[in-house]
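Note that chain A is present in both complexes that follow, paired respectively with chain B and with chain C.
Showing the complex of A and B:
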């Protein structure tokens, strides 16, 4: 039955195409544009399970309030969005309202997507119509009470949501505005990288200043020269997003997925625009770095010895690492971050970098949970955080114990 | 047995995902063909399998040989002469066939020589120079190709593997500091030589004082971070010393799993089937066309995979055995000297001189499998053999692999094998002993060959491969001569004592020599005495290619991997450039 239906639809499209060749060409262009925009928005991250049909939903998303599941956004009329109109889709993107007066949770980053232009949403919509419909019922809301009550979102939106398309800044270049549009809108960088308030809304005064992400840290990507990526050149930011690695860092954890699924496929000019925008930060009053710990403090002495034994073969004695293979630790934003969760996590659990077309190696950091104690890990991270130009608070063995316990629970 | 389930056809089937198979699969996938790679062992991956925190486990990888094929899955039988009954190898001793993606190229040392120009026409060349003096027992052959045809493919492999070294002959101009005996190369190595440890440095000094020209051994252990033509990155070698028998945790030692497969596996038109053992190559009723392969998966289920092109690129033993089992070519018969499949099997002739010093500390735990200095004055035909009664020679070098605690216990001959005297001798000599190796040629003779064993079978009921081999008199004389030359250098270094160990017969499986095994399905210009043409295309079965050291008609005094890699690029190039345009015999006879 389904086959017959889609065949009819195909014939219909064909006859329309014959009747009006221009709209046929336009629709091709529109769909191609929409597909690219869907890549920019990384829709697959939440809406496609690995190895499962495109956009059929079912990806589980951990939030501090509980579990949400990515919806089926294929054109299946029953379980997907086959019954929606474009206006329904526009409302989801700009307001977080789905048909049936269903308010969406912020895990669907409409707080960012509200910036997306109506024109771009039309292209995305056109593309979504071309996806194979998949019958796959998804229960998206697995939150516990009271967060499972969607009515609570009315108040949430009042607190945390400002509706409205992106307004270009006439004082800035076209490139800068493109970058701002992408970072604030479809790229939804702030969804991970902006710290959250108690209710889970973005702290907009700390836009992109780094955030805790369920056992990972989304590092500070402001132009802060110490804690952020102020030291990265525009080209180095582009290289990171295109290949997953530059001389400073290699994407791992959730960012590895973002690079693999999304940013490696962005056009170079879009990545360049993003980099130009990120570098041009009006803020200059960056927090002053803390003083590094004295090299002769006990944790530093112990950490130095552990580093020489366990870390220096790859990250090298000076913390410089090897470009594209072993991350640089000297002056790395993540290393200097106040939140140490990612650092402790990669030492305990190991981590695998993302692999891209341009850099397919996908190297890994091994787990040291079995041969370094909590105190060893605290000492070596304290040493790394206070050497080669780094300065950050020491890591306590209690922090390591906590994360080890929480990893063991999973 | 049930009829194998027939699967949808593909363009190319590649048997074996070691160096040769991975390179050809990548090159043909880049051409846009649908390629399926079959590997009898598991998928191996640096990040998962060669974790830095566990890769340097001597018990696991050296003693228990984790990376090697299990003899229960497949082994060989061996004998020294056709008059004997061969017995199966139940443990690997003399050599180490690998298993899993990367193959033997995971556990290699990384020494990456090119063969010399005269090697490719060795029989003709030696005949021209020495005439009747060439020992009659030898069955040397030309390769049917030339240095000029090989050079671009050596170059491609060196770029692929990020080889570190110093050119000795750039476009015909001899370059100071490199190997003056090498063939003219079109450009410098992709990476400069690594730093040298103390023992190779002392050896080079001594060699120079005797008038020889020492050079850094060409090494697939990267001297610096390097990204190859497929976009994959190697890290600089840390001299940790865990190379031979180990996978490299630092992405420093080139292998298919570091340098090829991460890029290949991303391609949508490539599929890897692991834990899938290929049972035979299928031929059509004419026997002139390969139709695909039969393989068995880990469940024991058999499948037929049809393909337009079949590339067999397993380890030498399995290349030859698959051809014998599939009825490709006529089996070689040493009595009548007819047939080609199994002919010209050869090995390597390993010699060394061990030295003990009183006043030196070599810090022998620092090292790498291919990091060292060598000389080539006594290799191949780099010296005049007139009147010597043999041909051939060896690559002389000091490449101290890290002296790991279980295996490296150099003690002078006469020391008890255990107990307090042995412990005392270990303490006295561990840090102050070094060895000069001489990896020498192994020339083919009529009674050294490969065939199917009449008595022993594998778990699928297929006959095992039978090796009939012993060192030719020629090679034993060469070993004696070259080892004496090496001993002269050793003596000039003023050790307390030194002990030359020239290779002696008979060949046995009791101690490791090297996994440099060659021949059995050799290349040449004449289908009467060779199995594949210079494009590695099987004579008479033009859509079948057999690639690897099985194609060497004999083995010169160099490690084989550089040439295996070059032949893989050569075959891929011929398929891309010639065969796909006009499928069929690329060389008509």
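Showing the complex of A and C:
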């Protein structure tokens, strides 16, 4: 009886909340739409700690400038956004301005969210009103001086921010435009995958060309056939985002989280739109790949022996891997990336791939830090980066030493 | 025929419900449910921890000296290989005894302990650590009584005679059966000589090079098509391979 009563009370509160949020119209559908849009935007990545209440904040975000913490975005009036109006929320999404003339840092990807339509923001706002309010004070700004001064963001915005909703390209299909809207806007793919300038802004002429991500690399996802995902078909891109794995690759590290929390829940037609957009890249003058190292150079010879003895069991002697289980290394964008952080990292520390509803196995790579020296790791990666159609700069043992030290400090 | 296919017989029902009861009981006694992605820790590995740790982990210095004197005669240095001592067999046995094997930590160890037939294998109440501690002390006592020297103080031929007598049961040891002790040491010595060097023996893969074993390899998919060719594979240990070193 008690349960039933409180359940009724809860439902009542819920319906009151949604009724308030939606200014007329079908509030249920609006909230459901907002819930889906919040999943597209992966709000949870920065605003929900694992095992803690939804959107109560507290997720620590490492940036090259210091540490920021995801805010409490539950409707709690004191510590969340319970005191905000829709216009306040719209300003955050489109301008990076929070109430009280507070400028947000780019870690909150308003540089991408500015593309989100006002209509979609209304749905997200309606959904956020239905979330359980949680009293959880969060100090979001843990940056060191002078970056902790929010006034510096006025100048930052002048350099790095262009406000404005997404404008469809009339020359392209509706599907392409939907993909562009999602990639550039809520999906905020560029937040990780676009290289950053010295001030941490997106280098938009190199949109999605891969970037360093604090000990990981967000690989190049342009249509570049050598360094990007030009060799992937539309269906293979969809499969990767839906299941975390395709015949080329398996998501691990931060992308595993993005797939688990977000992209596996996207509608197929949205994933298809994203893939169509990513494949249709106006840039064609892709940089020429470097010449691969000679197979008889000392590092290549040693690396080949290490690969045969330690890697080939799973990744196969030809670097082809096993589809959906062990990533393919031949012609893989990450393997050919200029930045080697992710490669070195998975060999040192091992890695756990993402598990999705469609592909729940989540295969893991073992750690080799105890068994391979820095020079061994440098040589085997140099071999992998210059075999089977791959060509990329050699890896030095100093790079491995540096990453080993920094990972051990964490 | 048609009668049977209509449903269960009484016997079938009895048998199947007994079986499902048994399954149910077993499942509830020790069931672990894994939901979502199994746990995973960066930098995790479960390799042996002390193969390269200096010093003896179980033996006293005196015991170690005696074990080395034994394995040196069980596998003597000849034109095929170095001795069991130089191959690290005593180190292997020491690490083995310091680990779970030494106390049979993973075996059922409740009694009763009664002598069985040879086909029933090891029925001893002693765990390997005790076998060595008691056996080495008893062997020392025997050698002192017979030769006024420890085993390690004997000449090569004298040592071989003592070992042969142990093997034949011509010697009585205090607290442990002589043949049983001999077989224990012989077995562990062979394990040490042929096991992966990561466990302390088979130093530099000496036994593998001797017999042409290419080492701990995952598979030979890449070699299947290479018919009638000498592969000359460099032996590979869990620790690594000399082929990994850069030349030039």
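Simple rule for what comes next: the second predicted complex is superposed on the first by the 385 of 410 C-alpha atoms of A that agree within 3 Å, B and C clash if a C-alpha of one lies under 4 Å from a C-alpha of the other, contacts with A are read in each partner's own complex, and residues count from 1 in each chain.
Everything that follows uses one rule, which is that a residue touches a chain if its C-beta (ideal position, glycine included) is under 8 Å from a C-beta of that chain, and two chains touch if they have at least 3 such contacts.
Nothing here was measured: the structure is a model prediction, and the numbers come from that model.
Once both complexes are superposed on chain A, the partners chain B and chain C clash. Look at A:364: by the touch rule set out above, it reaches both chain B and chain C. In the superposition on chain A, A:119 makes contact with neither chain B nor chain C. In the superposition on chain A, the chain among chain B and chain C reaching more residues of chain A is C. Legend: residue contacts after superposition of the two complexes on their common chain; A:355 is shown touching both chain B and chain C. Contact with chain B, but none with chain C, is seen for A:326 once the two complexes are overlaid on the shared chain. With both structures placed on the common chain, the touch criterion links A:301 to chain C but leaves chain B unconnected.
Once chain A of one complex is fitted onto chain A of the other, the partner contacts of A:379 are limited to chain C, with no touch recorded for chain B.
In the superposition on chain A, A:162 makes contact with neither chain B nor chain C. In the superposed model, A:268 lies in contact with neither chain B nor chain C. Looking at the shared chain after the overlay, A:87 reaches neither chain B nor chain C. Chain C is struck by only one stretch of chain B after the chain A overlay, and of the options 27-35, 171-179, 351-359 or 531-539 that stretch is 531-539. Common to the chain B and chain C interfaces on chain A are residues 313, 350, 352, 355, 360, 362, 364, 366-367, 370-371. Note for the complex: chain B touches chain A at residues 46-48, 51-54, 225, 227, 230-236, 238, 240, 249-251, 258, 262-263, 266. In the complex of the two chains, the chain A residues touching chain C come out as 298-299, 301-302, 305-306, 308-309, 312-313, 316-317, 348-350, 352, 354-355, 360, 362, 364, 366-367, 369-372, 375-376, 379, 407. Chain contact summary for the complex, chain A toward chain B: residues 313-314, 322-326, 350, 352, 355, 357-364, 366-368, 370-371. Those residues of chain C that touch chain A in the complex are listed here as 36-38, 40, 42-45, 47, 217-219, 221-222, 234, 236, 238-241, 243-248.
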